[in-house]
Structures are given as C-alpha cells and as structure tokens.
Amino acid sequence: MNKYILYPGCSMESSARAYMESMNAILEPLDIHFEEIDDWNCCGATEYLGINLIPAYSLIARNLALAAKQKNGTRTVVAPCSACYLNLAKADHYMQERPSLGAKVNEALAAGGLQYTPGTLDVRHLIDILVNDIGLDAIRNAVVRPLKGLKVVPYMGCMLPRPDYKNRWSDHEHPTELDDLLRALGADVIDYPLTTECCGGHMTQIGPETAFELIMRLVADADDRGAHLMATVCPMCQMNIDAYQNEMNHFFGTDYHMPILFFTQLMGLAFGREPDELGIGTELVSSRNALANIGVEVPVTQEPSAPRKKDEGLPMPRRWTKQEGKKEAVK
Amino acid sequence: MSEIKQERVGVYVCHCGSNIAGVVDVVDVANWAAEKLKHQGVVIAREYKFMCSSLGQELIEKDIKELGLTRVVVAACSPHLHEKTFRTAAKNAGLNPYLVELASIREQVSWVHTDKAVATEKSKAVVSGAVSRVIENVPLEELKVPINPNTLVVGGGIAGIQAALEIANAGFHVYLVEREPSIGGHMAQFDKTFPTLDCSACILTPRMVEAGTHPNITLLTWSEVEKVTGFVGNFNVTIRKKARCVKEELCTGCGICEEKCPKKVIDDVFEAGLGYRKAVYTPFAQAVPKYPVIDKANCTYFLKGTCKACEKFCPTGAIDFNQQDELVNVEVGNIILATGYDLFDARRVSNYGYGRLPNVFTSLEFERLSNAAGPTNGNIVLRDGKTTPKSVGIIHCVGSRDKNFNNYCSVICCMQGLKFAHLVHERTGATVYNFYIDMRTAYKAYDEFYQRVLEEGTLFVRGKVAEVTDAGRNEREKGKLIIQVEDTLAGKQRRIPVDMVILSSGLQPRADAKEVGKLFGISCSTDGWFTEKHPKLDPVATMTEGIYIAGCAQGPKDIPSSVAQGAAASARVLDKILQKEVALEPVRASVDQEMCSGCRICNGLCPFNAISFLEDRMVTEINPALCQGCGTCVAACPAGAISGTGFSNEQILAQIDGLLLRNIEPVEA
Amino acid sequence: MTENFEPTIIGFTCNWCSYRAADLAGTARMKYAPNVRLIRMMCSGRLDPTFVLRALSGGADGVMITGCHPGECHYIEQNYKALRRYLLLKRVLKGMGIEPERVKLVWASAAEGAKFASETTLFVEEIRKLGPLNWGKPTERLDDLQEEISKTEEVPA
Amino acid sequence: MPQMTNERVLSRLREEDLSLLHEVSMKTAGVSHLEMCIQCGTCGGSCPSAMDMEHTPRMLFAMLRAGMREEVLRSNTPWICVSCYHCVVRCPQEVHIADVMYTLKSMAIKAKLYKDSTAPHFSQTFVDMVETYGRSFEFGLASRHYLRHFPLRLPGMAPMGFGMITKGRMAITPKKIKHMDQLKAILKCASQLELTS
C-alpha cells in the first residue's frame, strides 16, 4: 500500500469538487492511501504573500507543522492543487534557504504551540507520485477503457513545474509527465507548446482583460491543434479556462468551446468509472461532445437556467480601451 | 630553543618606503628583535628603506660575511615576491639560500591593518616566528633532474598543431596524439573565420599537412593516452592506438572503400549531426592522415558478419578486419594538453526549442550548413533541405553567462554571431536579427567587424531571448518561429517571427576533462577548465611541473588566442629542453627507515605514487623525484619517521612557539 | 564575555591558495582583524594535528586552517585528508574539554582575498565570544559541546 | 515614466532611497539575488502579461537601483504579475523575481502608493476571509469583490456564478477550521515580526 499525507486545499472542496471526486475514484485501483492533515488551513494562495511576509509563511507553515506531527510511516505530503503545492514547497525551501525566516516563522508557530523543522517533509504533487511512485506501468495495467481517439492537450500550468526547488520535474518549460500519463491511458496526446503557459491566475478577479488574453492564447492554440479537450492538473487553471471561457469569448467576440477536465477525471474514465462518479458534467464548458469520441455518454445535467442572452444586460465596462494598442505592443 | 646550538641570526626590517613604515613602527620592531630575541641568537637587527634594493641586499651580504651570520630573517613583503631575491643575496655571500626566511609584514600586516600599535605588535610576533623557524632550517640543495627532449602533445586541433610544429621546427621530436581519425579539430569544421572571413580550411590545411609530414612529428590519430607515469623530464606515457582496421603501410587513401561501403551513418562529430558518412570513412576530404578508419559500432561486417565490400574493392588489400588495438609506450620530458572543448548542448535550454522545433540550429550546425564542403554545399536552407529562409534570428549567450547552465562568458559567441549574420546576409539576403545581452567585441579588428555588420543592415536587439515558440497568435506569426524577447532598449516585450533560429551555443569543458586532468595530475577549475599555474603571469603552465596547457582546454578562446597559447606552451617546453636539466624546489619528504614501523598508513595517501613499500625490508620508501612535497604523509606518520625538508615538524613547531612568544613571556609593550 | 579580550589565533595556510589569498587581501588593502598570525605550509594536508595542539597549549585561543576548495587541491586531493583530520581533531578536542569551535577549517582559493579577510574577522569574533582558552581546565559544558560537534560534522565531503 | 523628467526624479532622491535595492532584497523571502541583476531582459521577455505592465520587471529593478522608491511602488507591474515563474527559472542570475514582486506589493500597500488597482483590496478581502475562517471561501470572495469594484459586471458574471452554484462548485456557506484560536494566535504573533536580516 502506498501511504501519503494529503493536503487537499480549499478549492478541492468547492470549485474543484470534481477533482476531489475523481481523485478519490482512482486511489483504490492504484492502491493508494491518503491521510488528510487534521484541521489544515488555507495556504494563502497567491494573495497572502503580497500582504505581509511572516504571517503568509506562518499560515503555510502551520500546515507543515501539523503534517510533521502527524506523519506515521511517511514523510510525503501530497498536494493535488498546484498553488498549494507551490506554497508548501516554497515555505519549506525558503525557511531553509533563509534561516532568519525559518526562525521568525517558528517564533510565530510557537504562539500556537507548533514547530516545524524545514526539510522534515517531502512536498509533492499528485501527478508526481502517480508517475514516479506508482508508475506508468501500474496505471496502464489499470486501464480497462483506453481513451483511444480522444485528442487531448496536456496542460500543466505554471506553478507545478516552476520554480521546482527540488528538481522534481522533467523540464521547467516542456515537462512530459502529463503527456506520458495521458498516453498511458491510451489518449491521442497533442504536442502542446503552451503546456506550461499561464492561465491568468488571480487576474480573472482583479484584471480580467489581462487574464482573458492569456486564456485566449491557450484555448486558441489548443483549438488550432484540433484538440477535443484539455487536461489539467490544477484547480485554478481549470476554473479560469472553464468558468471564464464564455466571458473571454464575449470579450473578444470569439466562439471557442474548449472543455477542460482534470487528468484524474480522464484516469477515472479509463479505469472504467462512470462520468457521474467523476464529477464530469460539473464543468461549464461541457465535455459531452468531446467524450462522445470515445463512446462515453455524459448524462445531461441541468444547464444553468439563466443562460446569458448576448444582447441583455449592460455593456461590458471597458476599463482599458487599448485593445488595439495591445496588439501593437506585442508585435 | 630546543637545542643548545647557537646560530647567529640577522634580522632585517624593511620600510618598503611608507608601505610598511607608514603603519608599522619598524625601528621599534628592529630594536625589539635585537634585544628580546638575543637569547635566540639574534646578533644584529637593522631596518632599511628598501631591503630589496641592491643597497639593501649588499647590507645583508656584508653582515653575513663580516658578522658571520648563519641565518637571515627579512621582515618585508610576501615570500612569493622576494624570497628568491634574498636567497640569491645569501648565496652570493656564501650562505646556503635555504637558511633565509621571509616574514611577511606588508601583505599580512601593514596593508591590512590600520592601528599602528597593534600592527607593530603583530609584526614583532611574525618576526619572532620567523626567527624561531629559521634556526631550525637546514641547508638544502636544489634537485636536478635531466630532461628527455621528446614532447607529447595531446589534441590535434589548431592549438596542438601549432605547439607540435613549433617544437618540431626547433629540431625536437613530438608525439601528436589525436582521438579522432584526423587532426584539425573544430577549426576544420568551420567555413569562415572572424573577423577577416578567411576560409578556415584554406588556412588550416597547410598546417595539418605540415604536421602530418614533419620528420620530427609522430602522428598518432585514432589514439588516446591511457596511462602516464613519471615526472617532469621523465614521463612514461602509454597510448592506445585504436584498431583502424586499415593497414596504414598499404593504404593509398584513394577513397574507394568509402565509396563502396553500403552503410550510411549520421555523422555526429564532424558534420554535427547534419550530414552522413560511411561506416568506413575519413571525416573530411583534407583529412590528415589520409587513411580511413572502420567504425566498428556501425560496420555491417562487425554487426552481422557479412559484407566486406571495402575489402573486396580495396586495390591494395589494405583492409584488415582482424586488426587489434595497440598499446604504444613513449618516453617524453614534457607534455602539452590541447584537448579543446565541447559545444554546449543547446537542448538543455528547452525554451529555445532546439531538438523540438526543426528550424532551430546550433552554431556548429550552421557552420556545416554554410560550409561549401558541407551537407548542403554551402546553401543556407531550412531543415527541409531546400527552403531559403527570409528571416533569421541569431541568439547569443546560449548556455553561457547563465547560472542555470554555464556561469561564464564563452568569449567567441558574439563574434561568431556577427559572422553568421554576415554570411546569412551575403548568401540569402534574409533579414537578420542578433539578440544579445552585451556585445563583446574586444581585440584587434573585432569591433570594426561589428560595425561592418551593422552597416550591412543586421538588426540588433538588446535582450536575452526568453523563448522561441511555434505557437503563433496571429496570421503574421503562424507558421513561423516566434522569438519572444524584451527589447531592453525600447523597454517593450517583442515577438519577432522568423524562419530560422541560430543558437550561438557556448563552449564548455570536454565531458571527460576531469578524468583527463587526473590522468596527467593537473586540476580543473570549478567550471571544469584546466587550471593554469597563474591566471596572468603563467597561463600555459600548470601546477604540475612538465605539464602545459594550450587552447580551449584552459578556457574559452578564439583561434588567434589558441594559436598564441600553443606557441607559448611550446616555448616553455623548448626552454626546459634546452636547459637539459631542471631544478626542483628541494621540498621533499623522506623516510627515516630506522624509525619506520612498516604500518603503511602513509602508503595510500600519495596521489603521485611516490610512496612505495619495500616488502623485503617491511619499510616504506619515498621516491624524491616523484614526491611533490605536499607533506601529507609527514603529517600522517604516527612514528614520526617521515620528515619533510623545508617544512619540517621542527621548523613549524618552532614557528608556532615563536609566534606565540609574546603570549608566553609577556614583554612590556 | 571578557570585554576587552583580544584573542590570539594561529592560522595554517596552504601555499597555493589561502596564503595567496592573504597576499591578495593585502594587495587589495582589505582590512581585517589583526589577531591571526599565519604559518605557511605547502598544503593543508601537511597539517599535523599536533601543530594545533601545540598552538593551543602555547597560548593561542583559536586555530584557523585554510586550504584549497574541495576538488581544487594543488596536490589533487590532499585537502580532503586535511578535512578528515580536522573532523577527527574536533572530536579529540572535545574529549580534552576544549570547545571544538576554537578550530576552524576554511576553504579559500588564491582569488578569494575578500573571503579570507571576512572569514578571518568572523573567526576572531567567534573566538572573542568564546573567551580566552584556559588550556588544561576541564569544561563543564560537555553536553553542549556534544550538540555543537554533531552540527559541525555535517561538512560536505 | 509618469510625468516626471528624469532630472526631477533624480534630484529628489534621498540618501535612504539609495539603499532601496538592499531593503527590498532583505524583505524578500529566501535569498533574492536582486543585486545580481544584469538587466538582460529575460524576465520582461518571458512575462505573459508584460503588455499590460507600465514597466517590465527589468526596468523596475533598474529603478530600484536608482532609488526611485515612489515610482517603483506606484508601478502597476507587481499587481499585473501572474506568478507563473517563467522569469524565475529562466533568469540567468537566479533572481527570485516573483518573490520580489510580492515584496513590492506589500511595500506599496504599507506606503499606500499603489495605483487604483483593485488588486490590493482583493488580496485584503482574501486575507480577511482566511483570518476569519481559516479556509478560503470563493463565493464570499467573488461576490464581495465584484460588488465593491465591478458592480456593473455582476449581472454579466451572474450566469457563471449561477452555473458554479448549481453545479455544486461554489459553497454558499463558509467552512471553518477547528482550531481557529490557534491559527489566530500564530498570525497575531507573526504580524509583529519582520524579516530584517
């Protein structure tokens, strides 16, 4: 049995529920056991670090301290969310690189009766343990419904392969872990040069125009390459490309329809699970047509009953009218 | 202190103008030494403005003669500067030069401290240490070793060829060893050389032929050095001559075998992977020697047991499939290493797409592409072999000046980039971009070449390229390679679509530089280049006597510098040869066999194999000719049976006591 | 500790690297603490641990050993031997009741004058904190020393 | 540079601004290597959102060196950074660029110099939420943020939010961790500490 400590992260409980469900569905066939960190807290995403340094690192380190206390037989903490993975790894790394930071953070932790020695834990991402611990052979053996004929674009996102403090990934720019895994599931994997480009991160919230541009680049290139759908490893990427695709289309006057699923959802399908066990159908850009290519029928879920009528509502506030200027700048 | 014998010591404190006297009270130091070190045997202590001047030296010589000094201490600068000066002075006065000690009160005191009282006190301690030590010094004689007049040159690139020719022309024999089937090195692969745009082959080939036919040069190609024993003047070198499977005495170099060979192989070495060769081949038309080799790993006969086409067609019966590797033993006095460099593997910079995007080329690939004798007959085309690019981007500093890869400047890439820009412009008329961090065009006529390329209309963008991608965002970009970069002078990110990208890859040490260094007993810098004896004043010698380095093995450099170093190394070798014998510092370890218990603790400690164990007498012996004098075995011997001249236990212990004298017997300040 | 205590330190330097680094520090007029008195040897591998004990028993408060960086030894690998002896020596010192931090090994190449200067100053401060060495007097802090030595042993080989 | 001639900017420089680079470097987690920047532009070239930045990261670092405190802290650049770390892995001098951006954000907030961006408020809302519940809570965050800054956009975003809720992807009520008191104690203590050495 492969035992790990799990740090799920906030989005796994809400916006990325499908990720959680599908992840749980593949644990058993691969003989993986996760033990959740008791009373874990938010990692602070990319927001906390920009406010105040020591509290931000203390917030992250509380999770590490709890995990270290809890470790029984394993020192590996698995984070399925790229942002959580990066934050946990970053705190562990910088507390070591800058001993004065480590000391201050521990001073804060002590106020809550906790302590963490950096380097105690191995922080790893879900796909890392699947590819490197469980192995592609084991995954291949568990496949009962190969995804043959499904053209998938592997989308790794940015925070997973970078900055890569512990040299875990095959490459910072064009890593192959996700490609290899999807290939093991039998999918037709498309070489996607933008695999580690950014989805816009929190810019969908604070500077949507910037984010729309980034989403556009990803979706347009995937579409150009004839992809049926995109596969991702990160809740934030999924959220931005899925939930904001319609907005993005509206902003640019385009009409893309590029579904994006978590890689675990595709694993679940390949392992013979049914779509509704894997949270398929909770995506806003439906994967129904895409999955029809491999003969998977996604039951029709209730579509939002208030679909936008394009002419309704108020016009988009155009804070920056440099749409043209923007094109100028990137020449 | 330890013995009754009373030496007569003279102490000389130098002012060095105001360099020392400005911070140290030199008069006080001299007076103190005369008074407080009298019990040690100090009979005279003087201070003088410049001890190293001829007057200063005469002062010492006079005292030696008139006062009968048996030991001399000069408190002045670092021994690395003037030890030799004062030793010579002593010698002139009839005193053994090794009975002189320098106390460094300039580099170690006056230049690094400011408080006069503290500096004066430290000077006294340093002088006291030197006095205690010099009493334990013993007279030594320089070691003389005869020099074998033959020389080994390893590496047949331009640096090695130059070195070999210089020595051979002076009338001494050279063994020139080259790993590949032909000499010529990287220079043979180039099309043009910057900044003069000389045809590389035209200027190199005559030198290769000269080296190949010189009566004083024994050419050993397709060969590698396997073992080196001995020391300066007397090296014994074992060379593996790999089986060519071609009898050199019969082969005429007609090339029929190569023509008839049915097996095509991608040529990763000479053609940089961009062209093909046969399984029996000479790397290029002007190869020296002209004899081909059979590449056993790819030859059909060696793989499957049949074929032998070459043998059937050879008009002189020169093919010999049964030929075996041969071990050749040569005796040489000096060795020059000119083993060259490897090109940085551009695939490591994955954001530049080499190996993933077909029309990204490395510099060496481009050299072959633009070479009239290359796979495309000098036509600059895309990977499809026919399309001429309309726009070309040349990226500088690929793998260089980058902590993720090599943290040094590869020196040649800027000029190489300019050369490529010129060639592309001249042959295709394409728009050319150069992307650089800093243009480094130092040296004669280099910057003029930069200006010429500017004049030709090449576009320069200052910025390290962020990425090369084929993910176009609009019609202008689709189907092209897009170079994304911050134009740092315009302060804007730009995306520049081009047809072809050339990566000006850096130079890096040979993959096996560390092992080769070990083989010859020299060290590598942290980057992996061979370490020179002194970076400025002795750039071609190494810390190991008799081993010299030249060309890119010592660090990245261009052709003129490589040639200059090859010549410089040979001058150093000729100097040694003409002296007929070499004097070695008499810092050596020796075993007092009476005291040796035969425990063999020291046996494994010597990296120079100077220590051997005499089984019959159960004692250890040290070969003074092999010993380099590091003293590790001296420190290790539990019986105290090993002593090291120049740095004996007695000397060092006395110096410790001397340095601490003021702590033991406090002297009122 | 002692307010005006000026430690005396003996430095053993390698002829090829750190002695030249000291020369370079001088040529560049870098300033550092005047408490260290240097002894030149051909290699850090020449260091007989007896020398250190002689220095400490003779009145030195600390000993600094400097050699070429690992992999850059003029004699190929003798600095590794110095490293081994250094680690062993620290154990011996501990056994003798002397703070092992009184002996320090520093790598400094011939080009690292600045490093030589800063390491020297740093070491003097460290020794100043430890106070004068009372050679021969047993220390009462053996347990503390145990912990300290386990830290110092993690020197990369 | 916004409406100020170079000369005027430079003549305003104060002694303490000259150590601005050092100050930023010190306040950044890890060893920032900021002083090692060679102005090669790898960061500005790599940045996916450079088109919306007033200054490329490289320019910002040059301004830090010049001690232009106010101009740097007013720049929108740190707020446009998407933390994709492309520049970080490509930087030939190993400058922790993304972390320097975090430092600049917090310095700008403290100096109240940031532009009229909504980003600081978004971050603060997020932080408040985490400090109340220990977990982040997307619905509350999104609705509060949009209500305050893009009230006119709410109707446009509604279908998305509605979809997220009906698909069960957005909890309407927040989750709270068990030991909120412990977390609060840690954060309270942490907020009084600063990274100085």
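Each chain carries a letter (A, B, C and D) given by its place in the written order, and its residues are counted from 1.
Keep in mind that, in the parts below, a residue touches a chain if its C-beta (ideal position, glycine included) is under 8 Å from a C-beta of that chain, and two chains touch if they have at least 3 such contacts.
Since the model is a prediction, treat every value here as computed from it, not as a measurement.
The chain pair with more C-beta contacts between its two chains, of A-D and A-B, is A-D. Chain A and chain D have Cα centroids separated by 21 Å. Inter-chain centre distance (chain B to chain D, centres taken as mean C-alpha positions): 48 Å. The mean-CA centres of chain C and chain D are about 45 angstrom from one another, to the nearest whole unit. Of all residues in chain A, those that touch two or more other chains are 172-173, 217, 329-330.
Touching two or more other chains at once are residues 351, 467, 492-493 of chain B. Taken pair by pair, the chains that touch are A-B, A-D, B-C, B-D. If you check the complex, the residues on chain C that touch chain B are 8, 10, 16, 19-20, 22-23, 25-27, 29-32, 34, 37-43, 45-51, 54-55, 58-60, 69, 71-78, 81-82, 85, 111, 117.
If you check the complex, the residues on chain B that touch chain C are 78-80, 104, 106-109, 111-115, 118-119, 122, 125-126, 129, 518, 521, 523-526, 531, 535, 543, 587, 605, 607-608, 628-632, 634-636, 644, 646-647, 649, 652-653, 655-657, 659-660, 663-664.
Considering their complex, residues 10-11, 13-18, 39-42, 44-55, 57-59, 62, 90, 93-94, 97-98, 100-101, 104-105, 107-114, 158-159, 162-164, 172-173, 196-198, 200-203, 205-207, 209-211, 213-214, 217, 243-244, 246-247, 250, 281-284, 301-302, 304-308, 313-314, 316-317, 320, 326, 329-330 of chain A touch chain D. Only residues 171-174, 193-194, 217, 220-221, 327, 329-331 of chain A touch chain B when the two sit together in their complex. Partner chain B is touched in their complex by these residues of chain D: 38-47, 50-51, 55-56, 58-59, 86-87, 89-90, 92-94.
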